[in-house]
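The following pair of complexes shares a single chain, chain A, combined with chain B in the former and chain C in the latter.
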Partner chain A sequence: MGLLSYVARRLLLAIPTFFFTTLIIFLLAHLAPGDPIEVMSAWKPIPTWLKDEIRRSFGLDKPLYIQYFIWLSNALQGNLGYSYISGQWIGAIILSLAWNTIELMLTAQIVSLIVAVVLGVIAAVKQNSPIDAAISTLSLFGYSMPTFWLALLLIYVFSLNLGLLPTSGYSTVGQPFSLLDHLRHLILPVATMVINNSAYLLRLVRSSMIEVLSKSYIITARAKGLRERTVIYKHAFRNALLPLVTVVGISMGFLLGGSVIIESIFAWPGLGRFIMQAAISRDYPSIMGTSMIIVIMVLLANISVDIAYGIIDPRIRYE
Partner chain B sequence: MMLKNMYKRLRSSRAYRRFKRNKLAIVGAGIIFIFLIMAIFAPIIAPRHPQTLNPNSSLKPPCAEFPFGTDNIGRDIFSWVIWGARVSFIVGVGAVLIELIIGISVGMIAGYFGGWFDHFLMRITDVMLCLPSIILIIVASAMFATRSIYLITVIMGVLGWPWMARVVRAQFLSLKELSNVEAAKSIGVSDFRIILRHILPSALPSVIVLATLDIPWYILYEAALSFLGLGDPTSVSWGMMVNIGKQFLRVAPWVTTFPGLATFLLALGFNLFGDGLRDALDVRLR
Partner chain C sequence: MLFRATLIIMILLILMASFISRVFGQVIEDRTPLFTLHCLINSTKPGDLAAATIWKEDLAKMGIDLRLEVLDPVAISSRMWGESWNKRWEEGGWDLTAPTMFTYIWDPTSLVWWESCWTAWGLLPHGWNNMGWTNARADMLVRDFFRTFNETKRRELMYEWQRIFVEDPPVILCFYPYFVVLHNPKITGFQAWRVCGSEGFDMYYDLNYEGKTEDDFIYIKWMTSVDTGLTRGWNPFFVDGHPAWASFHGLLSMVETEKGYKLAPLIAKSWEWSEDCMSMTFYLRDDVYWHDGVKLTAEDVVFSIEAALDPATGATISGDLIPVIDHAEALNETTVVIYLKEIYPDLPCLMSTYHFFVVPKHVLGNVPHSEWKTHETNTEGGKLPGCGPYKFKEWVKGQYWVLEAFDGYFGGRPFIDEIIFRVIPDVSTALMALEAGEIDVIPEYPAGELMAEYRRLKDEGKVAISPQRKPGLGFIYVNRNHPILANRHVVRALWYALNLPRIHEEVYFGYGQIANSPIHPMMPYYNPNNTVPTYDLNAARHELELAGYIWPRRITVPFEVYYVQVVGAAVGGAIVAAATTYAVTRKKSG
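Up next is the complex of A and B:
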């Protein structure tokens, strides 16, 4: 089967997943006790007649399944509705925030991959040496660390004590935007994500590298008298890379999940922070719209990973 | 008597010997044990109740009276750290128990009988793969105006079972093809008995390892929720104290340091222990 038809089939398979996910989020949001008007009312009391009026205008008086289909048919036409809180068009909010989250995630993913591959290969080649033990222990530390605590530690050391980096934000407020300033703001959130994320990837690189190094073609390559460097990088590494590619898709989801915490701590204007604020104020259209975009992002990441898989490993046929 | 026999069998098993040789796993078990003692005997070990206010000693650095210092309203961080172990254990173990009950039942049925139920399960787990669980948990928790740690435990367990179900399903798919199952079927043993007596015991090692490695995730999730202000505001949670300390990071770093360190150590303990179990039981997940 060709690549194109494979991609088409994967996209088709993504459709039920998409429906299921939005349905689950919808039920999760609507079935919990209370509604957005009660949340607003707790903040500033609203008379009962007005509450009913607002509910009617938001369409919240209709049966649940009708509300879902109204949302779905609008969403499929590209209309995600208006935020209950700010009254802004949700498509516009998401467009302005999505890039910030993607920037954070992609940078973190690329850096984690580099860190994981370098340390993982070193640990595997020096298997059972003190270096290997140190790297493996470090990686366990990395993913046992609570993200929020790690972030605060980094802020404490690098911002508050050493004064090297800004504590939070997307760029310095009140200054004209400059790339250098923005990159300085990017370092700490990315570092936090990398420490958490690469720890997991590193273990995978190490174990798959160890497995490959015990294969007979490696022995053959060594027996031929190839240099150790060639054996490791040309013969072992490419084959050890495969399992890593599979989990990159999963770790995309992992990073997106972490972005809620990271963006809250670092006041990063992204989707993670937005969906959390939307959930607290029960801003249904915002919750639905943002989670829809997140699902699409993860689905696309997974499909592109599958395609990359075939490019790296020519033995794989798309079926 | 039966317990004694089980203990004897455990001590002589290969898995036990392999586990004992793994120093890191023993360290993990030790860390878990210390925190467990703290959780059980918190009222005896802690110098005072963690929610006691000492307005005269706010933001005190660590000293003889307050070994880990105090927060802005004079609460003793040391006592908070000790009591906080309770919340972490309740949430971590509780959520895993819920995950086990739902995950094993669903995975068993899907793997053994297959059919539409199996398809349904696979679609649900696909969803969980696409929507990071922390986002689901945050959205679900934010929906409730009053949250107890039990509600949070239930939310996490109910949203966390699909992975467990997937692993159980995969185990059942391969185990039901074995000859002992076929033999049992041919002499007319009921499905129920086959599942319980012939398949489930062989699936247990993977289930135990996955469950152990899930506990630290739930502990970290609860801490993160409390840190974001979406936890149980009346509970003594480590994440909550880190959140309080966040505002005083510059002047009183101890408020964040110690509760965060406790969360990290307990999660590390479970990860070390779980890794050791995996190696000892020779389980391969994924």
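Up next is the complex of A and C:
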């Protein structure tokens, strides 16, 4: 019951967060200068009377708070509306693109965690050794590298010079889809995200492990004659995980934000690229619909992290 | 004695300083800027910033402070065409734009375009004349031009209009930009785009592939930076992009010839005016088919015109047609009569691809116009058949779409079997993809900042570069509503200070041609002898003087100020002299 009520509390807290975040996004989108009609008339100038006509048909002549409540009431009923620019149903766009972004992010996050845990533990156990120094230097390098530059560098080396991997895209165009081909396309964007993301996580794991390894119960475990592997992975590691679990939830949000750059450079057909295009076009329904999904994804990720936290540390859920 | 002498000299010095300062007031140069102007820079165009920086340096030599304001395109559009369109930068409006920020395809045969952009009738909110340019003589020339059928007279009117345009400029002309296409060297046949506007169907239709025979199946991968199906739709009434240009047609096409642009038959094989010139009859081909096999008839044309004339459709092409066309009628299967609201000699141009498209009545006939945008024919590829040389085959959202050659095309099946439009938003990635052979074509508008990279690829034999002649014009918008820019001499001064040859070389690597007319050399009525201000800072200063601005200002320092300075210096010197004399005297006296 303790875990259930803990989860229920977390879900309830997410509701006002959701409303507040969508309201902020709505206001920011409308406060930016211009509107979708201005964008449409940039391709082919539209007379002002026709612009006003189109604005009325979109409901853009209504007060902002009315527009927000109309959108919200429709969204809560599952109707995210239609794009002002393309006429596409937002739900259809999200259904076709969301999985691509989730796939990219989840893969990057899982690989980042594996890399961070392995290297972080090694660095902590071999503290102040040349191995520790090398790992720390690599993590600093990965953390400092601008994402877009790293992405182009990887394409240049592995695609253009070595010819091992494709430059961009989801799969090879003009050929039937194959899983192996798709995985080859996944490697470079994931690698870019992993290098950036794991660097930070690695440092966290290292410092957390170092702190735990200095605890008295670890000394006791060693004094009892337990194998070093058992001491590290059974006694130290689980306790060192807590800060990592906390950060994982936050890093999901950063990964989603960073997906805009990754998806643009690698031509990955995801939500990040789409929302960037929507923002440039001032396509309010697309911005709001996609943002809502992203907000929900981040909230669910954080709730999952909180639940995992509660499972790992029973003290948390009984507070 | 010595002391008395010194005292007398002191008094004489003070009197002399007073006299000099009264008679000869000092004149100094005031180099503070005459005025400040704000130049809008498109954040997505680094070339604009480089060009504007060069301009800024030269304007500073004339006492004009040019501030460079980098904004995203929609923010720029909001300032220039929003509620503050006629206000200065400080009031939320705008002053100037960067050199070549805007490159429009110039169509001198569109009355709607001309009246809305370049006449008093086009002042916002009615049109697009956000420069606030009002020149009664120029307006009259435009009006007469669009009511005259005599070609000689039309030419005279346009030549005069071009002269006035330079004398009292609404914009500062910069370049006719060159557009280049980077492509796989095996692909040939890139010609000037025939359609006045964006890419024409001929861009794909005329392509060849080295070594390909009729039996070989060849597809080419074409880079595109956005998925137009996802971001704009598939109905040509709403879209300005690839699917429309290769798949749909207007009644006519604008064809580039050696002597410029001419209208050519397409779906319509001929056309003629009525005696009173208030209607035109189009005779259609009998062998045009939609991609689903249904025959195209005059009913489709009338249906399309009616939809374009209905504001409820929300079509971007409506703005050109509604002011001019009253209604259309199908006399039989292959004859359409279009009736006008007023005489408009350039109706055939309005019926060409870019201004107008024919859509199938048998598909859209039961769909209310107001629902066209959200209907599946616009949102899902392949639901709206076209009649062009390429038809829809496949669309994978966000990744690519495929057009395949249409066997039933009335002009003959295209040589290239399939065109795959691959979405690659980042141009650096696209260049590497081209180099790696993952794509075959990168279109670029215009040739510009990446030319150095293009040349490297060409020199290494990896790609070929085909320059494209396209009737585009790059220019600087000037807000003539601005109290300073309302004076035409100030605008001409800015023009004289614009070092276009240097910008041409350093920013655009010599690609393009410096403009001398708002009409492109490829378009009708271009005057090759039209003269424009060329880079000359002395001439610029002269224009500023005509406007009443002289820089640097020469200021005579007021008597009182100078008097205090000089007399103060004299008194100070006298005190020092007196003190020295006193000390010497005391020393001598022991």
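In this section, the second predicted complex is superposed on the first by the 313 of 319 C-alpha atoms of A that agree within 3 Å, B and C clash if a C-alpha of one lies under 4 Å from a C-alpha of the other, contacts with A are read in each partner's own complex, and residues count from 1 in each chain.
The working rule: a residue touches a chain if its C-beta (ideal position, glycine included) is under 8 Å from a C-beta of that chain, and two chains touch if they have at least 3 such contacts.
Everything numeric in this text was worked out from a predicted model, so none of it was measured.
Following the overlay on chain A, a clash is recorded for the pair chain B and chain C. In the superposed model, A:Tyr6 makes contact with neither chain B nor chain C.
Of the two partner chains placed by the overlay, neither chain B nor chain C lies in contact with A:Phe237. Legend: residue contacts after superposition of the two complexes on their common chain; A:Arg282 is shown touching both chain B and chain C. In the superposition on chain A, A:Phe158 contacts neither chain B nor chain C.
Contacts of A:Tyr200 after superposition on the shared chain: neither chain B nor chain C is touched. With both structures placed on the common chain, the touch criterion links A:Gly258 to chain B but leaves chain C unconnected.
In the superposed model, A:Gly34 makes contact with both chain B and chain C. Residue contacts after overlaying the shared chain place A:Tyr309 against neither chain B nor chain C. By the touch criterion defined above, A:Ala267 lies against chain C but remains apart from chain B after alignment on the C-alpha atoms of chain A. Judged by the document's definition of touching, chain A residues 32-34, 38-39, 42, 152, 155-156, 160, 264-265, 280, 282 lie at the interface with chain B and also at the interface with chain C.
Interface residues of chain A facing chain C in the complex, by the touch rule stated above, are 32-35, 38-50, 53-54, 57, 82, 85-89, 92-93, 96-97, 100, 152, 155-156, 159-160, 163, 166-171, 173-174, 264-267, 269-270, 273-274, 277, 280-282.
Chain C makes touch with chain A in their complex at residues 72-75, 77-79, 81-82, 113, 116-117, 124-128, 219, 221, 226-227, 229-233, 238, 240, 311-312, 314, 316-319, 322-323, 370, 373-375, 378-379, 396-400, 420, 422-426, 428-429, 432-433, 435-436, 438.
For chain B in complex with chain A, the residues that touch the partner chain are 24, 123-124, 126-127, 129-136, 138-140, 142-145, 216, 220, 223-224, 227-228, 230, 239, 242, 245-246, 249-250, 253, 256, 260-261, 263-264, 267-268, 271-272, 275. Contact residues of chain A toward chain B in the complex are 16-17, 20-21, 24-25, 28-29, 32-34, 38-39, 42, 137, 140-141, 143-149, 152-153, 155-156, 160, 250, 253-254, 256-258, 260-261, 264-265, 272, 275-276, 279-280, 282, 287, 291, 294-295, 298-299, 302.
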